[in-house]
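These are the structures, in structure tokens.
Both complexes below contain chain A, partnered by chain B and then by chain C.
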Partner chain A sequence: MSTLVFLEHHGGVIQKGALGVLARALALGGDVAGVVVGHGVADAAASAGAFGATTVYVVDDPAFEAPLPQPRVDALEAVVAASGAENILFASSVLSADIAAGLSARLDAGLNWDVTDVRIEGGQLIGKRPALGDTVLVDVGWTSTPRIALVRSGAFEPVETGGSATLHDVAVTLQDFSTAAQIVEQAHEQASGPSIEDADVIVAGGRGLGTADGFRLAEELAAALGGAVAATRAVVDAGWYPYATQVGQTGKSVSPKLYIALGISGAIQHKVGMQNSGVIVAINKDPNAPIFDFADFGVVGDLNQVAPKLAELVRARTA
Partner chain B sequence: MKIAVCVKQVPDTTSVRRLDPATNRLDRSGEGAINATDINAVEEALRIKEAHGGEVVVVSLGPAKALDSLRKALAMGADRALLVSDEAAAGSDLVATSYALAKALERENADLVLFGQQSSDSDGAVLWSAVADRLRRPLVSQVADLGIDGATVTGKRQTEFGYDVITAPLPAIVAVSDAINEPRYPSLKGIMGAKSKPAETLSLADIGVEPERAGTRGSRTTVLALAPPPPKGDQVKIEDDGSAAEQLVDWLVGRKLL
Partner chain C sequence: MTETEPTGAPFPHQVFAADVRAADYPPPFSSAEVIAGPTDAPDERIEVGVLIVGGGPAGLACAIRLGQLIEEDPATAERLGEVPVALVDKGKQPGSHLLSGAVMNPRAVRRLFRGRPEQLEGVPTYGEVPGEGVYLLTRKRALRIPPPPTLRNHGNWIISISQMCRYLAEQAEVGGTFVLPETAADRLLVDHGRVVGIRSGDKGRGKEGEPLGNFEPGSDIVAGVTILAEGTAGHLTGAALDHFGLNGREPQIWELGVKEVWRVPKPLRRIVHTMGWPLRKPARYREFGGSWLYPMGDEMISLGFVVGLDYRDLELSAHDLLQEFKTHSFVRAILDGGERVAWGAKTITSGGWHAMPRSLGAPGLLLAGESAGLVDLARLKGVHYAIESGRLAAEAAFRSLQRGENPGRIGAFDGYDAEVRNGYLGKSLREVRNMRQAFEKGFFVGGGLASAMTVSKGKFPPKEFHNEPDAAAPLLRTDRASRYPAPDGVLTFDKLSSVFASGNRTRDDQPDHVRIERKVPRDVAEMWAWMCPAQVYEVGEDDGDGTVEVKLTPSNCVQCGAITARGGRLTPPEGGSGPEYTLT
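Showing the complex of A and B:
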């Protein structure tokens, strides 16, 4: 079985989620190759060798400078044709979801998304997918070749193997409509303070903090725990906290050992970014908030009371 | 400006949702509701129409009763509804759904096609890109702010890294995020008026979808087995009686997290 892993990169760095999917693909066996699409990406492509990719297909052209999905569908179509890949795996992201879905239509190839594991059974690829708010676990299959999967973010950890990759350049013919959309401006914030993607402890704040000032509660608790502060999309939109701290579908995906959610309802768009956390603690005054369905420890109460007291108790223990 | 908005009827998220073990498909027999984030797309279409004039048509694939959800969009102010409803479409996956929807949209030939952010039943956020590829039109997704200037659409796209501002020539496909607006509630007048607005139901044959491209036959994925989720471990939920912080610290210590 031959598998192609889409290695999404940002700022010349292959994303951790994609390297995790690469590790899983290598563990499944068969021929595994990576694919990197962009402009000036030879170094990024070569860097995948240290994570076990012996073959990396490279589509390198100024047309792929901007992180837009439609030209990448053309690129993937060409790489699938050149490589004969039977499985095409993506780590889920805003960009990768659009590429995988476009490719599914282009090739009439089945796409299963939100997959948390893949295995081979009787020569068949089978995906595992929690559905309906994780109330049921579904085994999903494909009736086409190739088969496409979007893997839930954080499902697999990268494995550093050492080694080097052989790069294969692939030329791509772009469709006229693929290049019609263009990026005219990018507003990417650099994170200040500890990165939430590397933090062992995250204290996240939502609308329940009341105001931008309310984030002082989250910061105080994070400082006591030696952790980082994160935020929901709603409060980032409201300007309470920087974009770089946003967790969820259009933000970062995090998997700390401990995730403390302050005043966060737990909508699906937030959940997808933090559900792989080791332990989830939720403090919320609404007893019916969905976050209590998947929190390991839930406190129904006033976070203005509970959070400062918690910070004080933690400080007393670590003093 | 003609705007088509794709909406989906989903099982009411406040009810118990289940997959039918006999068919491995979602049980759609209970109460249905318009998918929450699709309402943002309807709202955005209405705002564009209010600013630029034109027509808003809501388009859906689903069982006959999905017409109820389309009526809600008509009550908000959409002009017309098109439902493609056919027994043969049941069990369609992304490949089959995007094919049928693209056929329905080709028939409408709108300047702008809008989608909502995610369906609450399948947790998918993929349909727009598949449809854009089939229609060979430019796509802008995860749009938190949308502008139209002549024949160009400009969208502020939210990504993991910040905002990208993207322009595309019309006709185009745009998927909006639920951050884009606060949808209006239908007025009583709107609800009464919705009953007399045109609402058309078509079969797959009407829109030119071949039987082998619909439903299970037209799908390229399959559900093999259902199982209960792994136990989550012991979940604790307490009401704060003044000692919640102490209880939480003890619990964290017990798990060696402090």
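Showing the complex of A and C:
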């Protein structure tokens, strides 16, 4: 079975989610290759070698400078033809979702999206997909090849293996309609510290922080741990923290190694966005808060006292 | 003012009249703002022959019947244009916003599929009602009582309205209807006194209404005939009734139902209705309602609790009443070892005959199903009324589009109006026309009057009853909420996890679609917070002048419509928002 993993990159750095999918694909066995599309991306492509990719297809052309989906559908079509890949895996992102959908239409291939795991059973690729608001997991399959899957962000961790990749250049002819769209302007949100999708440590704040000002506690603790700050829907709604930091059903799904929840009750709408975290620590004054049902460590107490003390201890340790 | 409870009553003895009414704090909304002429350039409008608003049983029956008529009469069909029939629905997919008990009288669906046995056999059901029991509950006991004649369901079918209408939507599409889900009907297009279609809602607007990156403006969808089949508390229906002066003799009123579907280890072999506990019987509380338990095959049970929205106690919560109801030993025994698999809430139009629109049509416009007020609350039936009225509306619309006819003529739809009122729909509604209002006199007096009305087919008592709008109920406070059980996550659930179970995953950063007065007395704010099954309202800061600020979380909303009954106004959010019911 041969598998192709789309290695999305930004500014020459392959995304963590894509490397996670690569690690999973390697674990499944068979021929696994990566594909990098862009302009001046040879170094980025080579860097995938350290994460176990032995073969990386490279489509390198000024036409792929802008992160537009349609030209990449042409590129992927050419790479699929060149490699004869049977499985094409994407880590979910705005760009990858567009490409996967376009490729699915182009190749008349089945696409399973929001997949949280893939495995091989009886020689068949089987995906696992949460349904009915993550309350049940269903197995999904494909009736023909190639099979396309869009993997939920944060589902797999990258595995550093060391090693180097052989790069294969693929030439692509763009369709006329693929060059119709242009990017006029790109604006980046000013972010300090890591984004919550990439952070290994997240300190998240909820209603229990009391006021928008209360987020200083979360920021202080996050700074001490080198982590990012996230928020619940309730506090984003109240305007205490930006929407980009919202974790949960209608926000982002995150899977840091450590998730510290300050004053978060743990409603299921929040839980589904962070339940894949490694270690969950909850600090809440209400001993009946649902979050204690799924936290690994819990502190029932006043977070105004616990959080600063914790930050102080962390700083003392790391100093 | 304080009143004293009769001794032995399960509630605290103090009753405080708050003496405020939600109706005194009207929402910032006027029907006029959603009535407009077309704004798109003529060549950008979407033109259809007949436009149906709402993919419930009424709208889908209408679409199916139109498909049949088109097949039978190609000459008229040609006059309907390239898109002869289109149906818009605000849900994610057909059935997403549909919730009902439901035990359906199959009469109307048989008529709809007359001569088409394969289509009739395909209707998904859980079979005929296998038997039934009606119980009067007290806190500790369940007393079996003889079913009142209105609650005899022999021969009726048990269905999930969401499942059935997914099937009906497929049949409508087979018949040529263009079904457009995720499309909210935002405005009613009226040109020179005639309804000419709707404008669909914008998509991709932010909290303050600003266009986001994925902004997509709505479109004018113009049609020869527009049929409103919006179901309960319909957005354009309310506006159309105001605009054309069609509101009924009595103000429309509603009940609120909260429903769960359970997977259970042992089958329930009959349908069950209960009255009484946890509702209170004295008239001054105006707590009218009851429960249902219906088997859905051997493995699932549909259960729900319904309560009239003219209640007075500001801590009344239909969701929590259902949770409380499940703790009764009678119900616990049925659910024992089971697991909740779905939850939802919806209002039911309950004004009956007296609150029906004065006319079921206006130039270019027809009303069907609950938009026409067609629910028989005494018999707990609405689905077959919806299907039958949808079918009749299709025939009226089709007739009006034949050569020589004009759907924009005043009185063009009088024939439809007469068919509904004089047919079995109107006849049975007329018989029970005073029943709901009688229950404002309390459980026992109301029950007695109801029996008299049933026996006399509505002739006794001879007087006609009146009712106030639900929002006019003077509020009371009796510490009712202290009796609601604390959610245990097994038998009883809180509102937020229930909203999750409804499949709702609405985008948070869209404009507020619930219109309410944001500064109200604390009693009104608390009443909304308790009333809402989906935790949309929260009592905010005291403003220091006797009012509080009401905070909203509109993305929790499952669009049940209760706020429209109780002093606010529900408008449709972005198409595709809200619950995603599949089993309800």
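One rule holds for everything that comes next: the second predicted complex is superposed on the first by the 195 of 319 C-alpha atoms of A that agree within 3 Å, B and C clash if a C-alpha of one lies under 4 Å from a C-alpha of the other, contacts with A are read in each partner's own complex, and residues count from 1 in each chain.
Quick note on the criterion: a contact is a pair of C-beta atoms (placed from the backbone, for glycine too) under 8 Å apart; a residue touches a chain by one contact, two chains touch by 3 or more.
Bear in mind the structure is a predicted one, so any value in this text is a computation, not a measurement.
Q: Report for A:Gly154: first if it touches chain B alone, second if chain C alone, otherwise both or neither.
A: neither
Q: Scan A:Gly20 for contacts with chain B and chain C and give back first, second, both or neither.
A: In the superposition, A:Gly20 contacts neither chain B nor chain C.
Q: Taking the superposition as given, does A:Val306 touch the first partner, chain B, the second, chain C, both, or neither?
A: Once the two structures are laid over each other on A, A:Val306 reaches chain B alone.
Q: Applying the touch criterion given at the start, work out whether A:Ile268 contacts chain B, chain C, both or neither, answering first, second, both or neither.
A: Both partners, chain B and chain C.
Q: Where does A:Arg233 make contact in the superposed view: on chain B (first), on chain C (second), on both, or on neither?
A: both
Q: In the overlaid three-chain picture, which partner chain does A:Tyr243 touch, first (chain B) or second (chain C), both, or neither?
A: A:Tyr243: touches chain B and chain C.
Q: Of chain B and chain C, which one touches more of chain A's residues?
A: Touched residues of chain A are more numerous for B.
Q: Jot down the residues of chain A that show up as touching in both complexes, chain B in one and chain C in the other.
A: 132-133, 135, 233-234, 237, 243, 249-251, 268-269
Q: Which residues of chain C touch chain A in the complex?
A: 489, 496-497, 499-501, 503, 505-509, 551, 553, 555, 582
Q: Under the definition above, what is the set of chain A residues touching chain B in their complex?
A: 10, 66-70, 73, 93-95, 97-106, 108-114, 126, 130-144, 150, 175-177, 180-189, 233-234, 237, 243-244, 249-253, 257-258, 268-269, 279, 281, 283, 287, 292, 294-302, 305-306, 309-310, 312-314, 317-318
Q: Which chain B residues qualify as touching chain A in the complex?
A: Residues 17-19, 24, 26, 93-95, 98-99, 117-118, 120-134, 136-142, 144, 154, 157-169, 172, 177-179, 219-230, 232-233, 235-240, 242, 244-246, 248-249, 251-253, 255, 257-258.
Q: Inside the complex, what are the residues of chain A that reach chain C?
A: 132-133, 135, 233-234, 236-238, 243, 246, 249-251, 267-269, 290
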